[in-house]
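Shared chain: chain A. Partners: chain B in the first complex, chain C in the second.
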Partner chain A sequence: MSVNIWTIVMVAVFGLVAIGLYGLLIIRNLIKVVVALQIFAKGTILVMVAAGAMSGKPAVGQSLAITVLVADTVVTVMALALAIQVRRWSGTLDTREISKLRR
Partner chain B sequence: MWIQILVLGSTLVCALMAIRASRLLVSALWLAGCSAFLALSIALLGAPEVGVVELSVGAGLVTILFVFAISVAGEETVGVKSVVPRPLAWILMAVFAVLLAWLALPGLVASALPRDALPFLRALWVERSLDTVLQVALIFSGVLGSLGLLADRREVGRASRKAGEGAAP
Partner chain C sequence: MSPAVIDMSVTWLLPLTVFLPWVGAAAVLVAGRAGRTLRALAITFAVADAVLSILLIPQASSRTGFSLVLGGAFGELSFLPDGFGVYLAAVAAVIGCLAVIFSVDYMRGEEGQSRYYSLVLFFIGAMSGLVLSANLLMMVVFWEITALCSWALISFHNDDPKAVAGGIKALIVTGLGGAGLLAGALAIYAQIGSFDIPTFMEKAGGFPPQLLAWIGFAFLAAAAAKSAQFPFQTWLPDAMEAPTPISALIHAATMVNAGVYLLARFAPTFSPVPGWSLSVLLVGMVSAFLAASMATVANDLKRVLAWSTVSQLGFMVYAIGAGAVFQSQFHLLSHSVFKALLFLGAGAVIHSVGTRDMREMGGLARSMPLTCVAFLIGALALAGIPPLNGFWSKEMVLESGLASGPFWAYIVMLVTVGLTALYTLRAVWMVFFAPPVAQHAHEAGPAMKTALIPLAAGALVSWLLAGPFHDLFLRTLPLHFPEAHAEAAGMAATWTAALEVLSAPATWLAVGVVVVGALVWAGRSGFAWIGTRLRGLRRVAEAGYGFEAINHGISKAVEGTGEGLRVTQSGLVNWNVGAMVIAVIVLLGIVLLVGGLGG
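Here is the complex of A and B:
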């Protein structure tokens, strides 16, 4: 198989998604969990653009990429607001400490 | 092609550093760098509109949000012990990447289909107009939800305490 531009893009997508997944598995700080989620979503945006261009419908892929970008930004806003509230009420951002709290 | 390799490699390095950085602010700045490199890569792939939106929203707005959240919540360095054991995380990540590559890479041989003539703006505003309406609704609900979450709850707490005192004998 010859190495073309889409192979390189796909390798980068695997890298971004794998780094995001590793971060989601390993991180305990609530704000850094959101950072890992952002990296995961960046891989998704890149694969949307690449898949649209590869299947001959670049405009559809790009508009879906913008949809993913907007939805991901709203998710980030809500997650950061929740993290601020958790910090305000429980005094910590550590997910293990938060999961010990009962009611 | 070499420019694309360089830009995508920089994106991956920035993403890795954003995960590895111990300070939250440094992590947010590495994420902004990752976003900027990704926007450049998307523009080089022939989608400058998405690149501009990614640069302004991903590198601009989200970074400002992170800095705001870190300044409100405070810099807290959580210890190194992770949720799952680190070797297990590495193994899961490697299995995931290999499975994804196994699924996706054979489809890459039949690339280079002819581009259709559908312009991007027509696709966004006419063909996918439902998506656009849903995006507007999502943005409004996100703004309202974050305002509700960030509002000061002391008034609510005082009111509920008064109600509790009234109920107790």
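Here is the complex of A and C:
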């Protein structure tokens, strides 16, 4: 059984997206939420590069991937900084606890 | 002067009239707190704009005078200096200028004057832009800017919850109407690929009748909301929390006319739509009558004037419904002058006495003689007493209504004329001639007098402009007046029109009704039994005929829905991601069912 390179890429993409989504759906720790978001984003970046290569325009896919990486980094830094602030002010990182404190 | 020179000056005058006040608004904001400089700047810009707008009048033509390509769907920022545009811009700028001058005394010592003057100038520019714009989308933009200025100025005393509530109410109601205007504009764009008003009016005949009807009624809703007509009338009295010069400028003389302007502008386009003209006529008639009856029972001086504004705007809308565009615009001119005068007079009284309740006034004729005379002139014009401007224009409206509207509507309007005389006399008597309640009043200040005297003079003589005014319309609005012949009749037309009005039997019937209305007030003790008989009706009228209850119900329903939907805003990241995943799955399902994007 010959394994196509695209099959491997697709499996990786689905794996990353599934892990990321699963994490976002059930994880309550803010830091871990950020990690799950990262995994999810890596899956989408991979699919962009793959889509560019498959359609014969690799440069487009790669430049989009670079753009997303930059934005993603900024989002992550901001999210982690907010998480630190949340921890300082409320003493917890549990998203439910934070919501309760607000009310 | 060669035509090229004329074109050049129009090209400059049009954008200057619209944007000079905005420059002034910015300058006033920058000038900040410095009291004297601030007022001098505001007055300079307001007077300059008034002069520009008057210079624009002789340049009126039916061709677009200025245009700037904005690109894409926005089309062009273009101004059309036709009869409607130049004269309504002049009304906005001149009355705006007088309101600014009046404010020098009225707002003395108030906090936030730079905000106040800057917003007033911003409004004057936006109002000129609204009436001069030849691009429907830009008109919507100016329309909403005037609404925003109105909101900010109603809520000017933003530590007063009533002022804040009144402002929000005005913004929401006129905003709803603005949505109708925007929807109509977008439908027009979808049909002809342009927002150009002359192009639309030319091609409207080729529209599917159904679509044209939708656009026509959307515009009617927009106009009714902006001009506080039935069933949107309730926002205007609540807007009286604004400083009084603002009530005079925005809520009597200019912004509330935008709806009447919209209907008049597009009357030739929509009048073939079945039922449109009759609906307009009914909206005007119902507003005129209901508002007049509410003015009769109100005790707040400014609310009386607000209801009377709704009522007089109803006269104009009624005239448009009867196909009398010129008569409606002529009444608009008269009304702008005498109602601005009444509001500024009321402002002088309120500033001096410190209350708006007419029951706490009385006997002010002695302490404020000039204000009393000015207010009396405005009141007599409002009541329709000859030879003041309100008499001539109201008679013209009534006669055109009798000629081309249903007879029962004419009767209702005639009763309204009587009610108008009744509530006007009641207000004048309660404020100036009733036995005085203990108080100390002082005459209006010099800046107030400077604004009151020209308006009082205007209320006496503005009707003499009927002839030139009619010529202006005939010359520049071929779509509205296809029967126009080229030669201008000038002042001679004024005398012809005056003679026509004086020789019509309907005029004397209306004057008779005015006299009856006045007599009812004079002999009110003899008519007290009517009051007791109609106590129920009076209570209903005081409660605004239940429209407040409807508003209350709607706002409660919106609030309840919001509270109910709050459950979905858990703020929990897991729930939000879950909702997103479900939405993506649903979308994918739809795409699969429909058979892929783009088939």
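Convention: the second predicted complex is superposed on the first by the 99 of 103 C-alpha atoms of A that agree within 3 Å, B and C clash if a C-alpha of one lies under 4 Å from a C-alpha of the other, contacts with A are read in each partner's own complex, and residues count from 1 in each chain.
Here is the rule we use: contacts are C-beta pairs under 8 Å (C-beta built on N, C-alpha and C of every residue); 3 or more make two chains touch, one makes a residue touch a chain.
Predicted model only: the values in this text are computed from it and were never measured.
Novice: Chain A superposed: clash or fit between chain B and chain C?
Specialist: fit
Novice: With both complexes overlaid on chain A, does A:Ala83 touch chain B (first), chain C (second), both or neither?
Specialist: In the superposition, A:Ala83 touches chain B alone.
Novice: Once the shared chain is lined up, is A:Phe14 touching chain B (first), chain C (second), both, or neither of them?
Specialist: Touch status of A:Phe14: first partner only.
Novice: I'd like to know which partner A:Thr95 touches here: chain B for first, chain C for second, both or neither.
Specialist: A:Thr95 sits against chain B and chain C alike.
Novice: Please tell me which partner, chain B or chain C, touches more residues of chain A.
Specialist: B
Novice: So, A:Thr67: does it touch chain B (first), chain C (second), both, or neither?
Specialist: A:Thr67: touches chain B, not chain C.
Novice: Once the structures are superposed on A, label A:Ile31 by its partner contacts, choosing first (chain B), second (chain C), both or neither.
Specialist: Once the two structures are laid over each other on A, A:Ile31 reaches chain B alone.
Novice: In the superposition described above, what is the shortest C-alpha distance between chain B and chain C in Å? Please give a whole number.
Specialist: Result, nearest C-alpha distance in the overlay: 6 Å.
Novice: On chain A, which stretch or stretches are contacted by chain B in one complex as well as by chain C in the other?
Specialist: Shared contact residues on chain A (touching chain B in one complex, chain C in the other): 21, 25-28, 95-96.
Novice: How about chain B: which of its residues touch chain A in the complex?
Specialist: Within the complex, chain B touches chain A at residues 1, 4-5, 8-9, 11-12, 15-16, 18-19, 24, 27-28, 31, 34-35, 38, 41-42, 45-47, 49-50, 53-54, 57-58, 61-62, 65-66, 68-70, 72-74, 76-79, 81-84, 86, 88-90, 92-94, 96-97, 100-101, 104-105, 107-109, 111-116, 118-120, 122-124, 127-128, 131, 134-135, 138-139, 141-143, 145-146, 149-150.
Novice: Touching chain B in the complex: which residues of chain A?
Specialist: 1, 4-12, 14-23, 25-29, 31-32, 34-36, 38-39, 42, 45-46, 49-50, 53-60, 62-67, 69-71, 73-74, 76-78, 80-85, 87-88, 92-96
Novice: Which residues, counting only chain C, touch chain A once they are in their complex?
Specialist: Touch residues, chain C against chain A: 570-574, 577-578, 581.
Novice: Under the touch definition given earlier, write down the residues of chain A that touch chain C in their complex.
Specialist: Its residues touching chain C are 21, 24-28, 33, 95-96, 99, 102.
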